[in-house]
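Below, chain A partners chain B and then partners chain C, in two separate complexes.
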Partner chain A sequence: MNWKVLAAGALVIVPLIWILASGFGHDPHAIPTTTIGSPAADFALTSLEGDPVQLSKLRGKPVVLNFWSTWCGPCVGEHPLLQAAARQHPEVVFLGVLYGDEPGRARDYLKRAGSAYPTLVDESQRIVVDYGVAGVPETFFIAADGTIVEKVSGGLGQAQLLAALEKLK
Partner chain B sequence: MNTPLPLLPLALALWVSPGFATPDRAAQQAGEQPSAMGATAQPAPAALPAEGDFPPAMMQAMAQRDAAQEAAAQEAPPAEEDFPPAMMQAMAERDAVQAVTATAPVEPAPQLAEAPAGPPVTDRAVIDQRAQAIAEGLRCPVCQGLSAADSQAESAIAMRTRAGDLVATGYSDAQINSYFVERYGEWVLLEPPRTGRHWLIWLGPLVLLGLGALVVAWRMTAVTKPSDAQRVGEQDDEDAYERRILDELERS
Partner chain C sequence: MIPTLGRALLFLGLGASAAGISAGVIAGWRRSSEAARWTRNLTYVSAAAFGLAALLMVYALLVHDFSVAYVADVGSTTTPAMISVVSLWSSLEGSMLFWAFIAAAYAGFFAWGTRHDDPARVGWSLAVQLFVLLFFALLVAGEATPFALIDPTPTEGPGPNPLLQNHILMAVHPPTLYLGYVGMAVPFAMAVAALATGKLDASWTRTMRSWSLFVWAFLTLGIVLGGWWSYEVLGWGGYWAWDPVENASLLPWLTFTAFLHSLIVAERRGRLGLLALVLVIASFLLTMLGTFMTRSGVFNSVHSFTQSPVGPVFLGFLALCLVGSVLLLAARMDALKIEIGPKPRSAELVSREAGFLLANLVLVVFSATVLLGTVYPLINQAITGEQVSVGGPYYETMTLPLIAGLLALMGIGPALPWGGASTPVLLRQLLPPTVIAIAVGAIAKVMGLDNSWVHLTLTLATFAAVVSFREIWAPIGAALRRSGEPAWRAPFTAMAASPRRMGAHIAHLGVVVMAISIGFSTAYKQEAELNIELGQSTEWNGYTIGFLGAERIDDPHRTSTRAKLAVFEGRHDLGELMPALNKYPRMSQSIGTPAVINRPSEDLYISAVRVASDQVSIRAYVQPLVSWVWLGGILVVLGGLVAAVPRLRRRREQEREA
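So, the complex of A and B:
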């Protein structure tokens, strides 16, 4: 076969194969994480009990910020793990943020399942966009200096949680 | 009814004695009038019977109770282990929540790190129109090929609301788009920006189309203009054909 035809074919086919291979290599539904390493957006919200909480007032302490809802299966699944971690790490401030859910339903759930830390309510859902949250659960690990050092999308596993807590030290 | 007559004087004596106090009698002794319902205020301390009025057995029981209470009070306060685990857990949870929420009065959090490019916008129609236009260029994070303007997902609604909030504060469309890109990456833009390597996406198809047109034109030229070798070959074929016809004619 003519070498010119082969070269022309390779010129078209090789880049196509490269594009397809790189495309198949990652989940098309995965949303890129861009907030790691950037300062955590400040917020001033009230808890389910009506107490005010402001992130900037907690500067100097590492913070774990967990977006969750009662209708989300993985959120309910990781709840006991987060509760246990909050009790074992009193030096870390754990905060929940209710996402697309009724405060009353969340109160009922926490009454049954236990609550070792406050859950915050944001009617405007502004904090959801400020943190680039696409769905729940999503958990942000904020170092004492206010920088986001880790973000976990989806239900937390024990090893994953411990590794992320290590990054806060 | 059948009370034996010898016990009547004893019962009368007990009833008359100050130690046998009914509420009404105690109130009368304290100088109050009994109510119609028989319920009065608590008797004044002065109306309490003296210790000597109690029977000895009762006095002894009271002394034993007081001694037991004093002994219990002198013991060490209950340790944490003495409380039920559920109560301990509830107390710890309450303390943890109070430690976080017991902060100074809340100050409003700033909007963005940079200042708004323009003055605040108060016209609701303008805010909604600009927020809608911005949302049309943003990808809904949890949808398949839908813009944030077309989706009713929680995150899409939150994005529209936030865009309107930022428009009202005075941020420009470019600033608001940058805000979303900083949080979700360039992935969030339905239309890639015309900058840097993104030009490859915009110009790549045009370049490929041009290359394809060149190839087609070259091939068409090659077909319509036969090469010298092809022309020589064709001439040789014609000569052989003529020779064959002439040979056939000569034979016939």
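So, the complex of A and C:
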């Protein structure tokens, strides 16, 4: 046994494997969410029906902000849940934001699938940048004081939605 | 039906591989020809099983059998047939199946090619190859199986990743890269067999060399095509981003290139030295590391698949290979009296051997530098818990001097004679290329070349090019003088007479071309974002670009919006360019297809940012000499293939004798 080779090998292997193993459990794709706990960025947009909506004017009421589109499967999947929740919680303001979709298509869809709250349109998609939206659906739960208390990326489940709404109280 | 048959084939391959390993070890241990024969036959069975499994998956993709999990994941009835075939390697499970298929095919060809060789050596080599295959086969048959049954059967799938649907190169780049990457197990297995049997002699070295050149040529081609694909498809105007996965292919390429050079020295000495063994083992381990990087989800990269359960399994296998290699080397080092390397006497400090040693050192340092940059984000996160990324500036600062050093050694090394040289010989060899290089450098300076790194690269590359031309010309000139045969045949006669020398220097010329074109295209790249109204035009960098209108094309699998642009250079009409934005269902972002005018002097590269009927926003790039990067790369590959020729001829001669 050549001990020099062995020692040199160990010197390379041990740190390398340790470092590689330390990478597990971190998602390198995760963008650090600075938004939870921080104030929600203000916006002033118009809804599909043409009504103006400004976030800062809603201060004092909790807000659920749901980014969605008609071509996104999980959005369509969570739509009935959100509609039901909006009807059960009149104290919470529910808002949809259309993401990468045409308003005409969204209007047709909502006519068919039902709509309990307004969906906002932002042609410039600035709101997408402000909220760091990486894809749809993404849902932000904004407390009455205007801070974001929860953010869910991907389709919402019933339990998840209820837990998030609890946090708004 | 297909899921069952597929899994049956995988289990057959798995069983044959496992049995083949046992037979191979017995053949190695007992030096038994009978066991070696069994190993070979089991290898053929395994190769056939994985080959059929891969074909079956292609068939399932073509007929859109959504009861197969992988087809349900990446298939779609709207996907064109060609892209359906390509989706075999578009996602984790399929690419692992493809990997197992290539590894099995390599083992099969190796078994056939070495059927007359020493049974012990062949036994060990096949056992190692089958062991690597077994690991992938276990993943493909178990954790990451693409043949899982989906019940009830969906009627439609999402289709493959849009990026993979966008360009014909996606059909070529992954298979070539895989052939290089997976094939690395062959020379590795041969090195292990040499260590295990103690036979480090010249005939094995020769066999190793021809396999290595083949594998190396594919790895090189895969990397070059990858850069080209990135350039033609991704729309950012570049071809190399120091992405972890690009690095993962470069790391073993560097060490393996060093290994090929150390093989030349080993063949002269008639024996493999420690350096060659360490380099070939390291190259294989780096491919395993690279595979881990792409498949584990630990690294952030365009190529990485999401966090997957195979990560820890992979790491375990990587650790096993590392530990096993080091133990084997440590155990056999003294028994086989393996030398660390040639110990040059003082007179030999300026010799071909010393040149090789130095070049290999630079290649290894290059590899280590890139490795450090690649894993640094992990090191930093492990220590400070913060996320950082290492980008272009680190790699450029660190590797530019190394590239310059390599260019210099590419010129000096081959100009030096073996075993040392006297001063007059050195002068005669080095003076002419030095003078020409300095002259070219000076002319370039006068003509306005103001970037000092590009200037240095150009000068050193010229130096290396002159030496390579001289080396290529010498046998051609000799052929011309000697036989008086027709001039057109002289290069071929020379090539057949000294293919290694020719091949090596063709490859060197390719590297020279690449170095110069990379230098110019990076340093003198121009870019701008331009907005053009309908019917208007704008002038930029000597080009006039007019917006003629937008058009929408509806394909079953995507919707493209193209901007029609008229491009003029002065009054010279360069034709129409149509950069497009493609929208795929279920993808939030549009994927661009850039439009490029390739010319030897420079490329005009335009990607669409926003296309509306009345206005277009484009990002335009001008990059001098960029087409030469691919041409240089292809020259490197050609050189490798030419250098692989003699072995084939020699084998034919051996067979004739036998």
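Here is the rule we use: the second predicted complex is superposed on the first by the 145 of 169 C-alpha atoms of A that agree within 3 Å, B and C clash if a C-alpha of one lies under 4 Å from a C-alpha of the other, contacts with A are read in each partner's own complex, and residues count from 1 in each chain.
Note that in this section a contact is a pair of C-beta atoms (placed from the backbone, for glycine too) under 8 Å apart; a residue touches a chain by one contact, two chains touch by 3 or more.
None of the values given here were measured: they were computed from a predicted structure.
Novice: For A:135 in the superposed arrangement: first (chain B), second (chain C), both or neither?
Specialist: Both chain B and chain C are touched by A:135.
Novice: Does the superposition put A:100 against chain B (first), chain C (second), both, or neither?
Specialist: A:100 contacts both chain B and chain C.
Novice: Once the shared chain is lined up, is A:73 touching chain B (first), chain C (second), both, or neither of them?
Specialist: Only chain C is touched by A:73; chain B is not.
Novice: Give one of first, second, both or neither to describe whether A:17 is in contact with chain B, with chain C, with both, or with none.
Specialist: A:17 sits against chain C, while chain B stays out of touch.
Novice: Report the partner of chain A that touches more of its residues: chain B or chain C.
Specialist: Partner touching more chain A residues in the overlay: B.
Novice: For A:44, decide between first (touching chain B), second (touching chain C), both and neither.
Specialist: Touch status of A:44: first partner only.
Novice: Applying the touch criterion given at the start, work out whether A:6 contacts chain B, chain C, both or neither, answering first, second, both or neither.
Specialist: Once the two structures are laid over each other on A, A:6 reaches chain C alone.
Novice: For A:113, is the partner it touches chain B (first), chain C (second), both, or none of the two (neither)?
Specialist: neither
Novice: Do chain B and chain C land on any of the same chain A residues, and which?
Specialist: Touching chain B in the first complex and chain C in the second, residues 32, 99-100, 135 of chain A appear in both lists.
Novice: Taking the complex as given, what residues does chain C use to touch chain A?
Specialist: 289, 292, 296-300, 304, 306-307, 311-312, 315, 318-319, 322-323, 325-327, 329-331, 333-334, 375, 377-379, 381-382, 387, 585-586, 588-589
Novice: Which bits of chain A are touching chain B when the two form their complex?
Specialist: 8, 31-35, 38, 41-44, 47, 49, 51-58, 86-87, 90, 93-95, 99-100, 114-118, 124-126, 128-135
Novice: Write out the stretch or stretches of chain A touching chain C in their complex.
Specialist: Touching chain C: residues 1-3, 5-6, 9-10, 12-13, 16-24, 26-29, 32, 69, 71-73, 99-100, 135-136 of chain A.
Novice: Tell me, which parts of chain B touch chain A in their complex?
Specialist: Result: residues 89, 92-93, 96-97, 100-110, 141-142, 154-155, 157-159, 161-162, 165, 180-185, 187, 215 of chain B touch chain A.
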